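Each of the two complexes below includes subunit A, the first together with subunit B, the second together with subunit C.
Coming up: the complex of A and B.
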């Protein structure tokens, strides 16, 4: 029963890491961009949902959906006026390096900006005070986490379906697969990049909205997740969206179940030990680095 | 599952591996005559408290010492304990456990009966005036430990700098060692009197620890009796 409780907790946590990692993987797969500010957009989503629920008296699910449009717009803005400009300026021998540093700078701006606005004191949703649990036998299943996990699954599946079955999805996949070939056949690669970046930011903000239903937020909350996100993405195979999803779920399960055999304080050591072992055996991740999403 | 000792206390230790918590835990184990039924240590921050709480709940403790440094860990563990139906007395070994933010995150119901061990005075007899001024100025319910320690540290350092006459580390260190302060207003925030001096080992002399208990959404001092503004209640 105890092991089953740990499996449930691992899946719930893994679902959130998976959704976060999928945004990061999508961005890397299409734009070849490592975004250090990805988890900070999640943090902004958490604050955004707190502000919206306080002013509009909505629940966290509706607040997260309401944030989708401004999040998408923020993604368009950041790509258009920061990422693209940095790439165009050729500030480094490789444009990816300049973009990487730009996202690092953006992360610092977002964290410090949030601290100026909301302060360093942790904040929570008032609804997070309610101790909502399903009891099934001796199992305790946390309701907000389960709702969060379900939303994560729905969003992940929707994103995969859009990528595979729609014109926009095919455009994005073509841009990811071979940029030059896509341009030659008339695909608007710049639009695909813009869209990909905005959707990735949108995913992070939605995850933030889910997470704040049970996790207190501070301006540094993103730092608690960014390493796990990168680990999941690399485990799954750089740029592989499905791989990132699997990587996130595996991470959640390993973090949770590792305490069955080793002390809890070493659970991150198990995660990163597994990661290193995997890199030795399969340097390109479980699913391999792919050019197809 | 280990049996309780003669006192019936079934203590579980739940702490992060912050060095202060490691020391406190070692001290508790040294002093205890009863066996500890469960001991869980984690590296902060916790992303999810379910595994750690599930492990503790298996041993059915009736007292839980929670040594969590960060508010998010405190929140996740206390809520998860409540979610898994724990009726154990929770003793939080961090002053931040009596901050309003924890009440905001967990709620009055979840915090009811939780005891906090603290080295600064929470709304009690001593700092009532400062507390009132702080609440008026900030709009917060009461002065939290970060505000108190920030205020105290700056005034104490200010006085040490005045005495040293120069902003040099060694001179400041010496001034702090020789400090025997009586007339610093912020010292009223320290439990056990308004005198501050340090012993040869660098530790403060005459330290008094307060026990604060959350009751109906307010942190009430229940020990020591000289500054108490409430009485200890059993958890429902």
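Coming up: the complex of A and C.
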């Protein structure tokens, strides 16, 4: 029973990491861009939902949805005025290197900016302090985490369906697969990149909105997650969005189930130990390093 | 429909094309032959505007394409089948065709038309493109390019890496396609015999310059071409 309880907790946590990692994998798969600021946008989403919920007297789900619009706009802005300009300016040997450093800088700006505005004290949603649990037999299922997990699943499935079955999704996949061939079939690759970046930021912000319903936020919360996100992305195979989703779920499960054998404080040691072992056996990740969106 | 006027392209200090002038009329089949590194691929990439050119001009229907984005060129009715086919490997055959249509509204009858043209593709429509054989990938690349209903189809070495029987098949398909439509074709080939036989007019490109041009039938019988190109082709 205890194991089942841990599986549920693992899936709940894994779902969040999965959705976060999917955004990161999408961005790498399409733009070949490693975004160190990805989790900081999640942190901004967490603060954003706290502010919105308090000012509008609404719940975290609605606030997250409302926040999607400025999140998308912020994504467009950051790509257009930072990421693209940095690549154009030829500041480093390769545009990807300059872009990578730019995201690292952006991460610092976002973290310190958040600290300027909201301070370093952890904040949480008022509702996050109440314990609301469903009891099914001997299992206790945490409500906000379950709602969060369900939202994560819906968003992830929607994203995969859009990528797979719509015209816009096909253009993004084509641009990811072969930039030059995509140009030959009339795809505006710049628009595809811009859109992908913005959607990927939007995913992070929505995850923030879900997470803040049970997890307190500090300006450095992003740093708690970014390493796990990269681990999930690499486990799934670089640029493989489905792989990143699987990687995220596996990480959540491993973190949670490791409590059966070792103390909770060491769960990340198990995660990274497993990760190292996996890299030795399958250096290109579980599903291989192909851009599969 | 397309005029290339004194075009010069350089990659850094390496001169790829020097003062190349040529034209392709409506419903005309033109081939460009020449050895490896003569600048044939660069020429097609210049027309698609994915490599910048230093001087000269390319005009489509009298209007210069200078400064246009690469993805706009396809919308002028110019479709490029790149060297090495470059199908979207992780996407299905059908998705590759759909993306060629350049629009969210895909005419399924048009896709059926491609399947009628290349029945091999119909049988594998739900397979990922990367699992197709080289010949099938070439058909798919051509089919994808046709989905935008182009006026000019540019083919870069469609025979590359194919078995002789398949090469014959690909050339046969291209010939049929040309005859049955109002399409213009610009074919780039190292296989000079096949290219000269298929086309109406040809240009010979050497070290970035047009050295000979004329009706293909005439070039086919030109002793100079026979010795330097057709001889090489005969040996393989």
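The rule we apply is simple: the second predicted complex is superposed on the first by the 293 of 293 C-alpha atoms of A that agree within 3 Å, B and C clash if a C-alpha of one lies under 4 Å from a C-alpha of the other, contacts with A are read in each partner's own complex, and residues count from 1 in each chain.
As a working rule, a contact is a pair of C-beta atoms (placed from the backbone, for glycine too) under 8 Å apart; a residue touches a chain by one contact, two chains touch by 3 or more.
Please read these numbers as outputs of a predicted model, since none were measured by experiment.
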item	value
Fit-or-clash call for subunit B and subunit C when the two complexes are aligned on subunit A	fit
Partner chain(s) touched by A:66 [first = subunit B, second = subunit C, both, neither]	neither
Touched partner set for A:171, first subunit B, second subunit C, both or neither	second
Comparison of subunit B and subunit C by subunit A residues contacted	B
Touching partner for A:180 - first (subunit B), second (subunit C), both, neither	second
Touched partner set for A:255, first subunit B, second subunit C, both or neither	first
Subunit B versus subunit C as contact partner of A:133, first or second or both or neither	first
Centroid geometry (CA): angle subunit B/subunit A/subunit C, rounded to a multiple of 10 degrees	160
Touched partner set for A:13, first subunit B, second subunit C, both or neither	first
First, second, both or neither for A:278, with subunit B first and subunit C second	neither
Minimum C-alpha separation between subunit B and subunit C after superposing on chain A, in Å	35
Touch list for subunit C against partner subunit A, complex	48, 50, 69-75, 79-82, 86-91, 95, 98-100, 102-104, 106, 144-145, 147-148
In the complex, subunit B residues that touch subunit A	16-17, 40-43, 45, 47-48, 50-52, 54-55, 58, 71-72, 75-76, 79-80, 82-85, 101, 104-107, 109-110, 146
Interface residues, subunit A side, partner subunit B - complex	2, 5-6, 8-10, 12-13, 121-124, 126, 128-131, 133, 135, 140, 142, 145, 214-216, 218, 221, 224-225, 228, 255-256, 259, 263-268
Subunit A residues within the subunit C interface of the complex	166-168, 170-171, 173-174, 177-178, 180-190, 290-293
